[in-house]
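Once you scroll down, you'll see the structures, which are given as structure tokens.
What follows is subunit A paired twice: with subunit B in the first complex and subunit C in the second.
On to the complex of A and B.
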């Protein structure tokens, strides 16, 4: 599993660069490294469906982020830190390390040995129960189809939210009307 | 401890994201922190599902594949949902950032005076 460690190291390096670099466009590109490395890791971990989704989502997210940063203030001075926030960040990191030690020492099964108490059911019964050879799609489209319905609901709600936030046409028309009336 | 090494690296990635959220002043940097933390959580769930020597959870007509040799398919299905929802929330955050830039002319949250409590 040496390639897993190499890719994880690359992702951590990309994340540090994304957080610390001054230029916003470079930061967005560095997040692209993290996302694409993540999709390759999903392939290594035998999750091809998740890897495909991750590639598509990563590309769309990078396009949206570039849309937000291009032609705007790629100012070098506004990338500073907040001292109080940095203090809280270090405090949180300490708490996270303590929580990780507690978790690792008390019950998380080691890497490569999944617990499988609940999900043993799905590979056993996928073909006879749903007729799907891909167990992941049998879970998301049959056993847990309501989850997928909720996902679609969240997605379309977010789209409506984005359209509502980004639209500026209706407000201007109203103001014009008021000016005409006055 | 070597058996937990991928989890530790994954937690380091999560901590970088949280650090960016808490300490940066630029809204785009905060969004990038949210994105990185979300990737780390998805990665952790898929890491938990991995079985050493396991194969993808797909049956074949030409080959006999035992269910015991597969990786855990349930976290994969849930992470699939989580990734798409993450994209939706990221898009909403970016839309808010673009509107804030249009109103205040900057991405710096300390210069958005009217937002101060």
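On to the complex of A and C.
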């Protein structure tokens, strides 16, 4: 379990660096550390499906962020001291810690237990029920295909949104360029 | 230097990309087609295929992979994947219910052709995810190109 805590510490450090560092490219790289650490943690917790998806999506996200930030001058203004915000942050962090102590004072149950009736059904019956040896695949595409349909709809909506928003900007820029040329 | 070398990154990056981009593409297809047997599936495989196109774009400059896979065709392919997924779901209605695995008895577990409609659903999702993400990437690059031309 010690390697999990080392990776968690690395991820927290990466997240803090990403917030605090002044250079945008360094911040993006630090965000990439968080995603890589999360992927390795998924592997250690024996979830290769999620680990694969996590690392691949993380690469895409980092590439997109680098392309979006590399040649752009975004003025980083250090906004002065905000005592009210800091106070509220500390207050809610304290509340969260108190709630966690109260909730978990009787001790956490071990990871993956108790196994629910539904989640016990899938490993027992997935191969005979669907014929897929990858149980995760049989869950997301057969038993829980409605969820996958909803997820696909979310992605579809996101892509349509990006294409629509960016297209209007691009057209406007194009017209500006033509006007400038004339 | 020829005109090919004017855009994109250095010759080293271009050579390595030329050697590896096909392997990345094949790995994505492998992940998709074996999604019902080994870890992975439509989502991860689709993103890997989109990554191979992004790799071309980053190494050779913006317009190379847009010639192979333009922004208009990404929209078409993404819609095709979504429609394929829905049609598979609706075919299930004929046999018992929405998303019914109507092809299930064909093939033994562990074989490439098995698990009924799950591989087909994987292919549909991979088309959707890969084309959608690559479309987003192309859109952002085009936006940036206009910005850099403006400067």
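As a convention for this text, the second predicted complex is superposed on the first by the 142 of 182 C-alpha atoms of A that agree within 3 Å, B and C clash if a C-alpha of one lies under 4 Å from a C-alpha of the other, contacts with A are read in each partner's own complex, and residues count from 1 in each chain.
The criterion applied here is as follows: contacts are C-beta pairs under 8 Å (C-beta built on N, C-alpha and C of every residue); 3 or more make two chains touch, one makes a residue touch a chain.
What you see is a predicted model, and the numbers here were worked out from it, not measured in a lab.
**Student:** After lining both complexes up on subunit A, report clash or fit for subunit B versus subunit C.
**Tutor:** Here the two partners, once superposed via subunit A, fit next to each other without clashing.
**Student:** After the superposition on A, what does A:53 contact: first (subunit B), second (subunit C), both or neither?
**Tutor:** The answer is both, since A:53 touches subunit B and subunit C.
**Student:** In the superposed arrangement, which partner chain does A:67 touch: subunit B (first), subunit C (second), both, or neither?
**Tutor:** Both: A:67 reaches subunit B and subunit C.
**Student:** A:131 contacts which: subunit B (first), subunit C (second), both, neither?
**Tutor:** After superposing on A, A:131 lies in contact with subunit C but is clear of subunit B.
**Student:** By residue count, is subunit A touched more by subunit B or by subunit C?
**Tutor:** With both complexes superposed on chain A, more residues of subunit A are touched by B.
**Student:** Which holds for A:36: it touches subunit B only (first), subunit C only (second), both, or neither?
**Tutor:** After superposing on A, A:36 lies clear of both subunit B and subunit C.
**Student:** Using the superposition on chain A described above, determine whether A:162 touches subunit B (first), subunit C (second), both, or neither.
**Tutor:** Both subunit B and subunit C are touched by A:162.
**Student:** Does the superposition put A:12 against subunit B (first), subunit C (second), both, or neither?
**Tutor:** first
**Student:** Could you look at A:142 and tell me whether it touches subunit B, subunit C, both or neither (first, second, both, neither)?
**Tutor:** The second partner, subunit C, only.
**Student:** What's the minimum Cα gap, in whole angstrom, linking subunit B and subunit C in the superposed view?
**Tutor:** When the complexes share the chain A frame, the smallest subunit B-subunit C C-alpha distance is 7 Å.
**Student:** Go through subunit A and flag every residue that touches subunit B in one model and subunit C in the other.
**Tutor:** Looking at subunit A, the two contact sets intersect at 48-49, 53, 57, 60, 64, 67-68, 72, 127, 133-134, 136, 140, 148, 155, 158-159, 162, 166.
**Student:** Going by the contact rule set out above, which residues of subunit B touch subunit A in the complex?
**Tutor:** The touching residues are 1, 3-20, 22-26, 28-29, 31-33, 35-36, 39, 42-43, 46-52, 54-61, 67, 70-81, 83-92, 94-99, 101, 105-108, 110-111.
**Student:** With touch defined as at the start, can you tell me which subunit A residues reach subunit B in the complex?
**Tutor:** 1, 4-5, 8-9, 11-12, 15-16, 18-19, 24, 27-28, 31, 34-35, 38, 41-42, 45-50, 53-54, 57, 60-61, 64-65, 67-69, 72-73, 75, 78-82, 85-86, 88-89, 92-93, 96, 100, 104, 108, 110-116, 118-120, 122-124, 126-127, 133-136, 139-140, 144, 147-148, 150-151, 154-155, 157-159, 161-162, 165-166
**Student:** What does subunit C use to touch subunit A in their complex?
**Tutor:** Residue positions touching the partner: 31, 35-44, 47-48, 50-51, 54, 58, 75, 78, 82, 85-86, 89, 98-99, 101, 104, 107-110, 114-118, 121-122, 125, 128-129, 132-133, 135-137, 139-144, 146-150.
**Student:** Could you list, by residue number, the parts of subunit A that touch subunit C in their complex?
**Tutor:** Contact set of subunit A toward subunit C: 48-49, 51-53, 56-57, 59-60, 63-64, 67-68, 71-72, 127-128, 130-134, 136-138, 140-142, 145-146, 148-149, 152, 155-156, 158-159, 162-163, 166-167, 169-170, 173-174, 176-177.
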